[in-house]
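Heads up: the structure comes next, in structure tokens.
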Amino acid sequence: MFYREAGQFKTSYKKDQSILPIFQDRIAMVAMLIFCFIVIPLFANDYWLASILVPFLALSLAALGLNVLTGYAGQISLGTAAFMAVGAFAAFNLQVRVPEIPFLIAFLWGGFCAAGVGILFGLPSLRIKGFYLAVATLAAQFFIEWLFTHFDWFTNYSTSGVITAPPMTLLGMAIDNPLSKYFLVLSIVVICAFFVRNLARSEIGRAWMAVRDMDIAAEAIGINLMKTKLLAFGVSSFLCGLAGALWAYVVLGTVEPQAFDIARSFEILFMIVIGGLGSVSGAFLGAGFMILLPILLNNVGSLITGGTISTETIAHIEYMVFGAFIIFFLIVEPNGLARLWQTGKEKLRLWPFPY
Amino acid sequence: MDWWFFLEVFIGGLLSGVMYSLVALGFVLIFKASGVFNFAQGAMVLFAALTFVRLLEMGIPMLAAVGVTMIIMVILAIAIERIVLRPLVNQDLIILFMATIGLNYFIEGMAQLVWDSKVHVLDLGIDEYDAFEIGEAFINKFDVYAALIAGGLVLVLSLFFRYTVIGRALRAVADDHQAALSVGIPLRTIWIYVWSTAGLVALVAGAVWGSKLGVQFAISSVALKAIPVLIIGGFTSVPGAILGGLIVGCGEKLAEVYLGGFVGGAIENWFPYMLALLVLMIRPEGIFGEKIIERV
Amino acid sequence: MSKFLSSVVSFIVFFVVSIAIAGEHFVPITSYRTGPYGVSGAPAANGYVDYLKMINARDGGVGGVKLAWEECETAYKPDRFVECYERLKNKGEAGATVFQPLGTGLTYSVIDRLAADKVPLITMGYGRTDASDGSVFPWVFPLMANYWSISTAKIKFIGEQVGGMDKLKGLKIANVYHDSAYGKETLPVLLKQAEKYGFELKGFPVAHPGLDQKATWLNVRRFKPDYVVLRGWGVMNQTSIKEAARARIPANKLVGVIWSCSELDTVPAGKAAIGYNCSSLINPGSNYRVFDDILKYVYDAGEGTGEKEEVGHQQNYKMGVLMGIMTVESINKATEKYGNKPMSGEQVRWGIENLDLNKARLQEMGIDGFIPTFKVSCSDHEGSAPVKFQKWNGKEFEPASDWIATDQSIIRPMIEASASGYAKEKGITPGCN
């Protein structure tokens, strides 16, 4: 009853093509933005901001990137963490060598470097697909990890191979407390999310989905496969690189190449599978799930048993729960949490009528 | 040019390559029969090895332990077929692949939950440090025995596929599920057979690797090395798994010894993948694989 | 929805648990019992917890105030460690006393937050080496010996084995290390020593995780080294020992770092490990009163965290007990100045900086001989303790040397240079208060 679009007439082409055509959707989006920008900072404490929300946002950006590649364009990638590493190290290197550059430019530079590397490792996608392509991305993963561990130039010759992110200042304000970090990451992620949403509805997005569904047919109707696939790799790696830079600068403050290992790649893949392939909200839902579940298990475990279940057992159970959830979602709802949410919305459109 | 040293590296590489093939065999079996790339093979190796070594530690004699472990692997196979494969029958292969990734995590967690995550020493009664001397080259005896075991297993499996009824049924299923069904081949039973055989292969691989490295969590990462083996040899070919393993093992060692010095060493992690990438660009189906024909 | 629910649940949990631990010194235990290094981390965590339990049972805590602790699983991942750190740093009545990450990457991820959070870090035998200069790193304490110190001790040990430091000239020493930040950290100091003593050094990195080292050791054999310095962690260690045997390099030519020095590394290697030497911060053997006390007060009361056989007999367990000893001693020292009440991180920091473990105190604590005497100060956050070497005889470790002093004359200038570089980068004014 509340969610009907009856009575909402579009009076211009522009209005017809807006991202959120239904008025109620727009209200919901504004409400959510207000919640994120105003309500959460007022009520959340430092722990929540620094250890849960900021990593959640950074990882959802990476998940967003992977979603572009795997969800929209259908190219499986197991090398997400490597692209994040490229972003982080590129941004760091630029700032270390040219100290006057503002960190936002460094982030963009990290993203572009990652995009370049992504396109390079995406070249095999022109010949192979499916999990053969996944193997090519695995090659990227291992190679890049080795590259950063081995050549001290990347870590600016630090003896321990760990890079420390330089302090960030924006318009004279230092960004060093959880609150400012939260706002920074939130703004970047919101902008990127809208960007991806828009991209998905555009001609490029439709071309990606055509390639995902059946690339030979797509080629037959005139879509340039090379351009489309490489663009997917580029955009996806850009976002992953940006996420990597955020991870290094904002979340951890320091990073060594092992932070971007294959386990991280799998983690992000899980996020988009559980969250829903091919949807922006899926990236966020999946990331939220993956980040909160271990913490929840940890806390609930110690609450219920008063510490008699060892942390080890809890960690094993965590593995099992993740695996089980992946299988569960793939069986029950291959389109993930996002689809469940959408189904809910559709039911809401009819409410209170049954059909 | 120190030829004895080269011989040692070369043969050592071949032998360790055979060990990779052991793990790759499990993948090939399942892919051949159901078209599913079973990412959980590494976890199955870990689970089989842990079960085996724990049973041995409890004092059960070796043959009985093998038997009990096999039974457990068959039960696991049945469970997997029923819970994971059956509901996903008509889905995209990508979905199945990701389901096996989930399965991998699940089995890894379960193996350690049930048995524990300590390192277990597995003593198969073969001396690990004895070596044959050929000129100035040392060829490790254990590696040779492992290679023989793997070779024997491959032979048995190849004969099995070619000459037995079940083997032929498996090949039929690999060709076309629907056609096999229409001829009366019980798909579900076949899948249980396949996953059980993969379980047996996992047990052998786990025993060999576990004896070499100690049975522990890190063994499941050996599965990652098996992927380039499959790419090079072809996903659907048993002899391809062997050849792929030999190429990967050999190439990896030779590259590390002779090229590694120039780039700083430790290139073993990514070299097989680059090799696989090269093969993918030239001959995507692998050396012995079947050409992939796609219809629109 | 799930986020909201879990946040409500977590909030309740925090509330309940925080109430439960008022009036005690709070010790956060960031352990890793899973993941690739869980086999090493679990016994260490057991040792740590057992020691704390023993102090509570035997002494009633420190200064009459009991110890409380909470374990948090990091799986050796920096982001999880940061989450544990943020969650536990303010727990307890006075906040967390001290963190011991037991991982170098983990250490780095929180160093920049310590000053603001006023919580110290003990990184015994690992961590950021230049933090030994306390004037730049007031909150980080690489106690007893840092990586570079241990490296000099290793070279001194080799010198001992060949009959004198002058005999090192012309020797060939191979350095087999884990290809990571941890592994590479000793390269500069080894090069310096190679220069000073005239031995030929070659590095052989092992790709993580180090399960397959055949090619590496073939390379090592080609180099024909006189000694091999091993710097591994986790599964790499036992594979290295085995591959060394296969490459016909006798075990007694291997000298391992303290993190390659546990039963977990030697037992799986079987007979290949007999004669293997490695460095340790503690004396081998279990004949110390502290272990008897743990057995009596903790295990006999049924409160043992791990397995009884480990107590005093397993290297990682003993290191865990050592971690506990450091924490408790620091709290104890802090109560000397600040009184008998729950200690805060800032107060414990003072305690660590003024640690003075002399023979009398060691005897009091029942660990005389277990660790050497050492003293911490502001400029020396390490304490410059000597290092012991032990040899595996097939069943257990036995002493292979006496306490070997580390060569600070080589290391200290390097540390100070690195620390002042860090100070400049971060805009810190070094100083000791």
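Brief remarks follow.
Chains: A, B and C, in written order; residue numbering restarts at 1 for each.
FYI, a residue touches a chain if its C-beta (ideal position, glycine included) is under 8 Å from a C-beta of that chain, and two chains touch if they have at least 3 such contacts.
Since we're looking at a predicted model, the values are computed, not measured.
The chain with its C-alpha centre at the largest distance from the centre of chain B is C. Simply put, of A-C and B-C, more C-beta pairs touch at A-C.
Distance from the chain A centre to the chain B centre is 33 Å, each centre being the mean of its Cα atoms. Chain B and chain C have Cα centroids separated by 38 Å.
Residues of chain A in contact with two or more other chains: 146, 149-150, 312, 316. Counting partners per residue, chain B has 112, 117, 264-267, 269 as the residues that reach two or more other chains. Looking at chain C, one finds that residues 33-34, 38, 42, 179, 205, 207-208 touch two or more other chains. For chain C in complex with chain B, the residues that touch the partner chain are 33-34, 36, 38-39, 42, 179, 203-209, 211-212, 214-216, 218-219, 222, 234-235, 238-239, 242, 245-246, 248, 264, 267-268, 270-272. Contacts from chain B toward chain C in the complex involve residues 2, 5, 8-9, 12-13, 16, 112, 117-119, 121, 128-129, 131, 138, 140, 213-214, 216-219, 221-222, 225, 252-253, 256-257, 260-261, 264-269.
Those residues of chain A whose C-beta lies close enough to touch chain B in the complex are 76, 124, 127-128, 130-132, 134-136, 138-139, 142-143, 145-146, 149-151, 214, 216-217, 220, 262, 266, 269-270, 273, 312-313, 316-327, 330-331, 334.
The touching residues of chain C, when paired with chain A in their complex, are 2-3, 6-7, 9-10, 12-14, 16-17, 31, 33-35, 38, 42, 70-73, 75, 77-80, 82-83, 86-87, 90, 104-105, 108-109, 111-113, 128-129, 179-182, 184-185, 187-188, 205, 207-208, 418, 425-426. Against chain A, the residues of chain B that register as touching in their complex are 37, 83-84, 87-88, 91, 93-95, 97-99, 101-110, 112-113, 117, 224, 227-228, 231, 263-267, 269-270, 273-274, 276-277, 280-281, 284, 294, 296.
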